[in-house]
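Chain nomenclature is as follows: A, B, C and D, assigned in order of appearance, with residue numbering initiated at 1 for each chain independently.
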Amino acid sequence: MKKFINSPATVVDDYLHGLSSAHGAILEWDPENRVLQRRDPPSTPKVGLVGGGGSGCEPTHTGFVGHGMLDAAVPGQIFTSPVPSQIVAATRRAENGKGVLHVIKNFTGEVMNFGMAEEILYFEHLDLAQVIVNDDVSIADDGETAGRRGLGATVLVEKVAGAAAEEGMELHALTSLAESVVARSGTFGVGLSSCTSPARGKPVYDLAESEMDLGIGISGEPGRGAVPLLPARGIAALMVDEVLSDLSPATGAKVLMLVNGMGATPHQELYLMAGELEAAARAQGVAVERQLVGSFVTSLDQAGVAVTFLELTDELTRLWDAPVETAALRWGR
Amino acid sequence: MKTTIEPGLNRADLERWVTDFGRRIVDQHEALSDLDAFSGDADHGSNMERGLSSLLTVMAEWDPAGRPGDFLRDVGLHIVGSVGGSSGALYGTMFLRMARAVGDATVVTDDLLVAAFEGAAHGVIDRGKVRPGDKTMLDALGPAVEALRQGLANGASRSSALRTAAAAADAGREATADMVARRGKSSYARDRSRGVVDPGSASAAMLVRAAAATL
Amino acid sequence: MKKFINSPATVVDDYLHGLSSAHGAILEWDPENRVLQRRDPPSTPKVGLVGGGGSGCEPTHTGFVGHGMLDAAVPGQIFTSPVPSQIVAATRRAENGKGVLHVIKNFTGEVMNFGMAEEILYFEHLDLAQVIVNDDVSIADDGETAGRRGLGATVLVEKVAGAAAEEGMELHALTSLAESVVARSGTFGVGLSSCTSPARGKPVYDLAESEMDLGIGISGEPGRGAVPLLPARGIAALMVDEVLSDLSPATGAKVLMLVNGMGATPHQELYLMAGELEAAARAQGVAVERQLVGSFVTSLDQAGVAVTFLELTDELTRLWDAPVETAALRWGR
Amino acid sequence: MKTTIEPGLNRADLERWVTDFGRRIVDQHEALSDLDAFSGDADHGSNMERGLSSLLTVMAEWDPAGRPGDFLRDVGLHIVGSVGGSSGALYGTMFLRMARAVGDATVVTDDLLVAAFEGAAHGVIDRGKVRPGDKTMLDALGPAVEALRQGLANGASRSSALRTAAAAADAGREATADMVARRGKSSYARDRSRGVVDPGSASAAMLVRAAAATL
């Protein structure tokens, strides 16, 4: 294993130390409670947004703390959900008079630990709601699995709900908005390699030199199945088919497209894929109105790309365009 | 057939059990992560190791005079607060439910022991929304609980019933190799999750084996 | 070779197509002349900034076209400098009444091709100046080599000069400013892997599993030498030593620190290194006042990190903080 | 000793030469990139291949009636516009300087041929700020030019002098294996650039070898 780390046991802490030292103006890391929070509380009361999950998917959620997105993030160990005490502490910090929304990616560990935190928080006087992000179209929702994973739509939910919260939207409406973003989103990912978690020190699984892995997640588990590698155009067509056949957007729909690198895919390949994906979507009658290209919901050092489409409304477009200032997403200020 | 009434278990007995379980996890965590690598995310061993090794350290400083139920609760809280992931919530819930079943009894009688194990299994079912055959820790824990209950009901000694339970857990673990996962990260792999035993069932079998070795 | 590409021959074009489709509001790709240019010309006359070099180092320079940075970029083939005709065309587009500054990374191919372009442009009525970026402290400037390479300081020069140009600074002053950024900067890079160029299809060189490569550049050539891999803290100490012993900043100097990934290094490791590098710099009495962490001057899919320190002045800090809107850097608008 | 005056070279002769050079590059570009991988960036072959293979295509459409100097200029411009990198500027400059030396002559006499080759070598020196021994293409081209000049001065036939020149270029190429690069990307590797021949000297030797084979 070759990584820039001190030791497998301290990776997450050392990362959070570096992140908060680089972005000290906007966020703060509390190592005792293991909560990453906005440095300056919002100037007017707003619904608090808390996102959390296993580490290894950076910048999700830690890189999205700041104006226009999250109030706090709770990072777990690598590929391991945070524990209830962290979630409880983060929720108390994010509470600011208008309640708190938990953004939870649909993974068993996350759902169970957030669930335990809610049982504890039930006894406190705060309004609490949750949105479960489950945009992964590679998994059929037939009850035979843990259900669709939460992938790229996490960024979109946190951005859109973050903007609406900043505008003063109430918890109930905000929860519906967040749920509508999930419902209008679909994601499909393709991996070129496995990833190496520091504790284990070797790749989670093997993928032949001539193969790609379809329907990957974000915690190193193998995808739906390996198939022979295709040229970029073929991969893009396949990915767009997977998402659009599931999402069935209206004809002529306007969409936001997130082209997401898994951690080790370079800028050049991501934008190359963005071009192919946009063309494939256009060929299916879908108009890509907004694009975000970069590595946002990752799986350590995995090479791979996932595409997320969100069927836009004018309201969603407006909230997407609203100012944001976090470590990983910034515009408008 | 043995007829002597064995005395109940006290806090020290339970501590020996949890210590033995913790050592097994620490010793074998790499093998557990390797199992998890087959169709999961390769971290079950490191998750459990993190929580159990720190538990072994802090446990040494706890008040040895406490009641069994308090001990089980503290173990549960420590696991919930340190393991993380699915197994943190699930093993934590198991111990919290055992604590609930034991209540403030000063010794854990055989009846209470059965109730505790049943509570643990139901905790997994509640928290995990899981059924037998879903290829999870329940497939080792469930048969063990049933074997323990029946053994004691049939008049076996606690230690003999626990040995039978451990054998049932081992058999349950082995049976998971042929199952297709319907819960947890392995479930994404569907049919390809068939072929090796479920890591959680392997750690759960260690929990029962540790009980047989110490109680 | 596993990459998201259509064919080795079309990688650069396909990338540029994707980039311009994703950022159509700010830039435009002219495939005929092979010039990437700002979509909207500046509202008032300003010095034009043109950057260019071999592809494979994305987002340099293409990701830096837009308000507050470059007016045009000229991408060559992978690891191969652009050709004079591209540079000539880009310079004509960027000219806007106040002359043009060429930002050139000090590589033989770049210097020679920009040199040939200048010979051609000599006959046109435009003021032309160049700044040669050579911040690589891993190479001694003893005449026995092609000289220090242009690395991370490229981003800093383009950002700072871009902001000053936007404010109306004249060509002569702008050139001095750009040169002062180069003079006040130093960079040192460490690689964990080689990279694979599409045309070749295999890694440029081999690095043992236990080794790291010191003093790497940005086009796949081996670094100064391989040594045993260290923990992150040790690597950071070594990198900071290399740069600061060369740069010799004033005691208590305020610096900007760029922590740059080489293409395949994930966010988590970059911020982890940022934390270690900041601590190592602080230990040497240097105050890190600004940080930029991400993959900005890359070498395809190489795993590695480089650090650049720029000794700040109040003026440089102000120009750094000024608004920028490009594909890869954006703040203040 | 041969005394017949050989006729000068016309445009068609030069085209045969450049065609032969281009084919050698296209055939052996992978080996050239492999040499460049030793201490450079592994692209010399693909750079040259890109420019020369497209040159072979476009050259077929050029006016065959043009003058030798115009042909050499067009080759130079095509190389400058298509190869990129150091070698694009350097080979482009070589041909542009050859064109300059040949001027508007309708045939390239032996004297003009020597002047053209000398111009090419000086072009590399000017553009590359390079000296003999720096482990570059100059270390193949320089000795070849000198051998050609001396051979013709000593009364050798053009073809015999070119064969001697090609042998000198090959020897120059081989000598670069022991040199330490002081220019180009390989120079960053310093001492570690010693060990294999310089890729640019290998392609330059092909240029001379192609001349010996065709002129």
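Here is the rule we go by: a residue touches a chain if its C-beta (ideal position, glycine included) is under 8 Å from a C-beta of that chain, and two chains touch if they have at least 3 such contacts.
Every value quoted in this text rests on a predicted model; they were computed, and no experiment measured them.
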For chain D, the least number of touch steps when starting out from chain A: 2
Centroid spacing, where centroids are CA-atom means, of chain B and chain C in whole angstrom: 55
Averaged-CA centre spacing for the pair chain B and chain A, given as whole angstrom: 33
Distance from the mean Cα position of chain D to that of chain B, given in whole angstrom: 77
Multi-chain contact sites of chain A, meaning residues that touch two or more partners: none
Shared-contact residues (touching 2 or more other chains) in chain B: none
Contacting chain pairs - touch in the sense defined above: A-B, A-C, C-D
Chain A - residues contacting chain B, complex: 54, 76-85, 107-109, 112-113, 115-116, 138-139, 143-146, 149, 197, 199-200, 204-205, 215, 217, 219-225
Complex interface listing, chain B residues touching chain A: 33, 37, 39-43, 46-47, 50, 80-90, 92-93, 127-128, 182-190, 192
Sites on chain A touched by chain C in the complex: 2-7, 11, 14-15, 17-19, 21-23, 55-56, 58-59, 63, 192-193, 209, 212, 229, 231-233, 235, 259, 263-276, 278, 291, 293, 295, 298, 300-301, 303, 305, 328, 330-333
